[in-house]
Amino acid sequence: MSHSKSIITTTEIIVKFSDCDALQMVWHGNYIKYFEDGREDFGRKHTLGYWDVYKQSGLAVPLIHVDCDYKKFVGLGEIITVESTYIETPAAKIIFEYKIFNEKKELVCTGKTIQVFVDAVTKELLITVPPFYQAWKQKHL
Amino acid sequence: MSHSKSIITTTEIIVKFSDCDALQMVWHGNYIKYFEDGREDFGRKHTLGYWDVYKQSGLAVPLIHVDCDYKKFVGLGEIITVESTYIETPAAKIIFEYKIFNEKKELVCTGKTIQVFVDAVTKELLITVPPFYQAWKQKHL
Amino acid sequence: MSHSKSIITTTEIIVKFSDCDALQMVWHGNYIKYFEDGREDFGRKHTLGYWDVYKQSGLAVPLIHVDCDYKKFVGLGEIITVESTYIETPAAKIIFEYKIFNEKKELVCTGKTIQVFVDAVTKELLITVPPFYQAWKQKHL
Amino acid sequence: MSHSKSIITTTEIIVKFSDCDALQMVWHGNYIKYFEDGREDFGRKHTLGYWDVYKQSGLAVPLIHVDCDYKKFVGLGEIITVESTYIETPAAKIIFEYKIFNEKKELVCTGKTIQVFVDAVTKELLITVPPFYQAWKQKHL
């Protein structure tokens, strides 16, 4: 009886000058990039990165959904931590939830992404869980 | 009896090489930029751009929420149309909904943003509708 | 007797909020994107865009050089004009020089890019002028 | 007799999915961002970052020049090293030269930036070396 089918990765990021906008705060669109940074860091640590998926299966994993709720501003030079939580689902999807914290451990934003599997060449959508992902789940969850 | 307290702006965008990712399709994060392009085009046409707001009120209008649901891939050189719909709300917020279409008029993605008003210097949140925005609404809605 | 083996394209760009940095001026790296915008606009007008080249020849045209000299700041909402000048060369290269002007026709920056031809799949460099480019030159210069 | 008025910082960067373009290689404009990453890392290590300068002097340090020569492609997931070399000059400028290497220690690109000092508010250019920078040089060179 497991209620814990999730895996969490934390990733530190230094906010760059070019991440900030005219308000001298991180431009809102860049949090979507930070989510990707967290997700790719998860991928490297748990062999579920874009390349891992592609090499094993010929599949790409485009997003079908992203959302982000902003709680606090983050400025130049701050070090933020992206907490990426893999959320188990029986569907042919990869779901992550994100929390970003500043150095004071204050919650900066929350978000979520949903990815699906498509053939990297034809771009056709998979509606059943691909074998490599089934195997990955069995190994990691 | 008005059920039409919305204003719609459409904005054409040519997808650039640097907008595309390794799948040769627009990188998902760039749709957030397209939403901003649509919103700023609305702002230019209806005097509600970042600068308009700032000059009239000393306020900035950061996002507290964005979401995007992706329906179709868009590739290099395609011309897309962002349909930005201003959604009336009594709250001290600016709400937009977006639909992006490709040249075949197929729906590419939908999304939403919510902005609030903060003092551009202190970054303090306004909880009541600022006078300039009340005036803007009376004029435009 | 031609000393004019150049073609000039001008492209208008509205400076976006997300183009600006914490100084509220265009971030220097974005001028490289404006050069690409100008180059791609040239490409659309004279069938020398990335896709045109690829479809006709299976080649890609990566940069081997870029430089930019910044003369004046440009801020949010300004409308700039990129003047992209195609520079004839006998080498297997595509050379452009750029001038960017603000609305007052003041010179904002100058720059240059040099592109070469590589096989899009093997990434192997072409050292002789490919036939499609020779044909393009004869038609356009 | 000193020929060594330079300081070198090395900075590791993991190439991200969103850094790559439709050729599945790092988009050329992103090297300008990598140069900034290297420069800001230098700044953090040697108190010459954007904020350090601003807080000590009220000055900003915009670029007046950048160039980059591309030698080799870099792809998704590669780890690159930016070698940022501070170049001493008697002028009121900050000059850096960059070399980027891949994991095989192959030279990927070279580049250079020149920054000047301007008043962060008036944007007026300083033509003499500001005192804080003179002090910085005496301490670090």
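Think of it as A, B, C and D in the order they're written, each chain with its own count starting at 1.
One rule holds in what follows: a contact is a pair of C-beta atoms (placed from the backbone, for glycine too) under 8 Å apart; a residue touches a chain by one contact, two chains touch by 3 or more.
Keep in mind that what you see is a predicted model, and the values were worked out from it rather than measured.
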Of A-B and A-C, whichever chain pair has more C-beta contact pairs: A-B
Most distant chain from subunit A by Cα centroid: C
Inter-chain centre distance, subunit A versus subunit D - centres from mean C-alpha coordinates, in Å: 29
Gap in Å, rounded to a whole number, between the CA centres of subunit C and subunit A: 34
Separation of mean Cα positions, subunit B and subunit A [Å, integer]: 24
Multi-partner residues of subunit B (at least 2 other chains): 17-18, 22, 29, 33, 36, 50, 76
Chain contact topology (line, ring, star, complete or other): complete
Residues of subunit D defined as touching subunit C within the complex: 22-23, 25, 28-29, 32-33, 36, 50, 60, 62-70, 73, 120, 123
Contact footprint of subunit D on subunit B as seen in their complex: 17-18, 20-22, 24, 27, 29, 76
Touch list for subunit C against partner subunit B, complex: 16-18, 33, 36-37, 40, 49-51, 76-77
